[in-house]
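Chains here go by letter, A, B and C, matching the order in which they are written, and residues are numbered from 1 within each.
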Amino acid sequence: MKLIASSALALMCTSVAAFAMGEGTCAAGKTLSEGTLTIATGNPAYYPWVMNDAPESGEGFEAAVAYAIADKMGFSADQVTWVRTSFDEAIQPGAKNFDFNMQQYSITPEREEMVDFSLPYYVSSMAVLTTQSVVDAGAEATLDSLQGLKWGAVATTTALPILAEVVKPASDPLLYNDNADVNAAIMAGQIDAALYDLPTALYLSAVVVDGGTLLGQFPPEQSENPDKFGLLMEEGNPLRECVDAAITDLSESGALAAIEAEWLAEATGVPVIK
Amino acid sequence: MTTSKVGNGAVSSRAKAPTRRELYEANVRRRATRIALISTISVGLAIFFLVPLAPGWEAVQRSFFNGRVFAATFPGLVEAFLLNVMIFAWSAPLIAVTGLAIALCRDTRAPALFPLRLFGMAYTDVFRGLPVVLVIYIIGFGVPGLGLPRPWNSPYIWGTLALVLVYSAYVAEVIRSGIDSIHHSQRSAAASLGLSDRDIMRFVVLPQAIRNVVPANMNLFIALQKDVALLSFIGPVEIFRQAGVYKSLYANFTPYVGAALIFLALTIPATRYADYLMNKQNRART
Amino acid sequence: MTGKLSLRGVRKWFGENEVCKGIDLDVADGEMVCLIGASGSGKSTLLRCMNLLEPIDDGAIFLDGVDIAEPGLDPQPIRQKIGIVFQSYNLFPHMTALENVMLAPRRVHGHGREELRPKVAQMFERFGLGDRTDHYPDQLSGGQQQRVAIIRALAMEPQIMLFDEITSALDPELVGEVLDVLRDLRKQGMTMVLATHEMGFARELADKVCFLEAGRILEQGPPDQLFSAPREERTKAFLSRVL
């Protein structure tokens, strides 16, 4: 009964939506609630991905990309709703409360066993955040020098496998719950350096960490598995095709690069680690 | 004397044939066992068959009981657990010693030592009143932030200190209750022999007090074994953190289930043993 | 002062309750004094005052002419000279009989275990406990425990022994073995003060019997006189109840 009822409803909605939105409505009938695109971000959402923790403004790289994708999928800005989730909420089994989740999720084959990712919307360099005193003590942007540092990272990020595969530090890294704790450990001198995606590292070094500085970056070309950010969706989400089409469109038209240039401009000019 | 004769009579008759009462009791026992068995089996079957019928069962199974992820992560979890064991191994003796010292502070009677008594009181009040994780954060990040050089700013040192501070406050209270439980006639007897206050505490009161509170302290140390995981908040990659890393890597919660199993493998025997000690003590008292 | 131990006007309050109302008592060297009287008459408290387990509120206690009840005096050295045995034995349950006995000589006099062992073993032997040295208190009968408690007090070589109703908690058949110990000590010439309900024993062995009532010594004298021809009506009434 329920099945029949809901498919009937879906059918009805599809026709209504198709009528309302005309062409480019590949999303019709596939979203959480019809005519609305529900996007999840972090709590809080960080600069420069979302400015002032206010994704509705469309300011910040991810906020801007989100609205661009929504536009391509046929949703106006008014039809976009934002929700907040943690990483754990995003991957827990059961019904999701978002159509897609956007908070710098790195695409990995292991994760793809459990959830679906869109095509990447950003390929990030990884950058080494440290403090001036560590640099003064002789740390350099070479792998040799980096191996001797005491490392930290956020436990739930892909910085960790990259650290293990590329840097191979001499002592085991210390791991933390979030950016704030990593910064506390850097400022307490418990770790010398932490690995972040470049935009985050830039923000932290400039604004949050006292005496923070970037020692260098690992550009995506250098890594076998560069850090690619994708939109996270419930496995088997029918919306995926539609989202991928939108991202392909945006990257081919150069719109994605333009957004990147607008919000992540500073990311150039950081020395490359040899 | 008469009672023991009756007892002997009962024993000899039991050798021949069961008495009416014995027959009745055996019957009651058999019935009780049968009912317990039936009810346990039906509950077990119900869980086994009904839970998988839930619409989300498949998704839950894939996220929490994923054999592939379990096999891939379990050895790493066991290895990480060694760090828990190590932290526990060096924290527990420190906690025991500090707890004892604080308990003794609270028991001082000389007026000159009143500050010590006040300190003991404040210590137990403050550290029993704070969540462990808060103390770990404040001490673990705060003290090293004062500018200590490595290795003196290690999260292991200050995280351990945080555990010691909180748990020794509890242990101190338990020991103090043990000291209070020793009847004053024991102190009188020792004093009447000319022993000093110090010797009375050391040789007469404390050995008995500590023996009385072993089960209660066992429970505290089981709790400590679990709270060691909170040190992960300030950096150390112990089992809880390692499980979190795997969770993030595989986007799957199975590593947490693995970690839970490892914890239980240690804490269930320990809890059973503590209960056994407690029961033994209660029997001895009655 | 006429005695080895002399009490003069000893007063003791527990809160509002005056338990000793000015007690005068002389115990001569080698003498055995028995305190008799109803429960709550102040016998136990008086004994506890004598070895300073309870500080007295007024009056004086002289040991060999020296006032030991002077406020502020360190009670420890005095307690070593005056032993006490309690109704409820109060052995240390976590120590064997031998350890119970040796603890105080070791800690207070600084004697070594080996040094003490022959002497202590001999005392166990003498009181019929030669095979009980390594038993814990809960493995001993009441009578055996009480004998260990007596040995424990004697091991400090006190000049005076106080006994606080030491047979009251015992099964009737075990009373005899403990009283035998007291007879033995009497023979040795130990100075003793007993609070007791064993009237026959008091009559047989005491040099002096004191009848306490409501915190006062109502009547005292040699046992023959006190038991056969008490002067006070209330002594008579008490004796007729217990004899």
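Details
Rule of thumb we're sticking to: contacts are C-beta pairs under 8 Å (C-beta built on N, C-alpha and C of every residue); 3 or more make two chains touch, one makes a residue touch a chain.
The structure presented is a predicted model; accordingly, all values stated were derived computationally and were not measured.
Common partners of subunit A and subunit B, by the touch rule above, are absent.
Chain B has the C-alpha centroid lying closest to the overall centroid of all protein C-alpha atoms shown. When chain pairs are compared by their number of contacting C-beta pairs, A-B comes first.
Centre-to-centre spacing of subunit A and subunit B amounts to 42 Å, using the average Cα coordinate of each chain. Per-chain CA centroids place subunit A at a distance of 86 Å from subunit C. Per-chain CA centroids place subunit B at a distance of 46 Å from subunit C. Taken residue by residue, subunit C touches two or more other chains at no position, since every residue touches fewer.
Residues of subunit C that touch subunit B in their complex: 48, 51, 53, 75-77, 79-80, 83-84, 86, 88, 90-94, 103-104, 107-108, 149, 152-153, 156.
Residue ranges of subunit B in contact with subunit A, taken from their complex: 56, 59-60, 62-64, 141, 144-145, 147-150, 153-155, 232-237, 241, 244-245, 247-253. Contact residues on subunit A toward subunit B in their complex (touch as defined above): 87-88, 91-94, 108, 110-111, 113-115, 150, 152, 155-158, 160-161, 172-177, 181, 184-185, 187-191. Interface residues of subunit B, counted against subunit C in their complex, comprise 185-186, 188-196, 199, 203-204, 207-208, 211.
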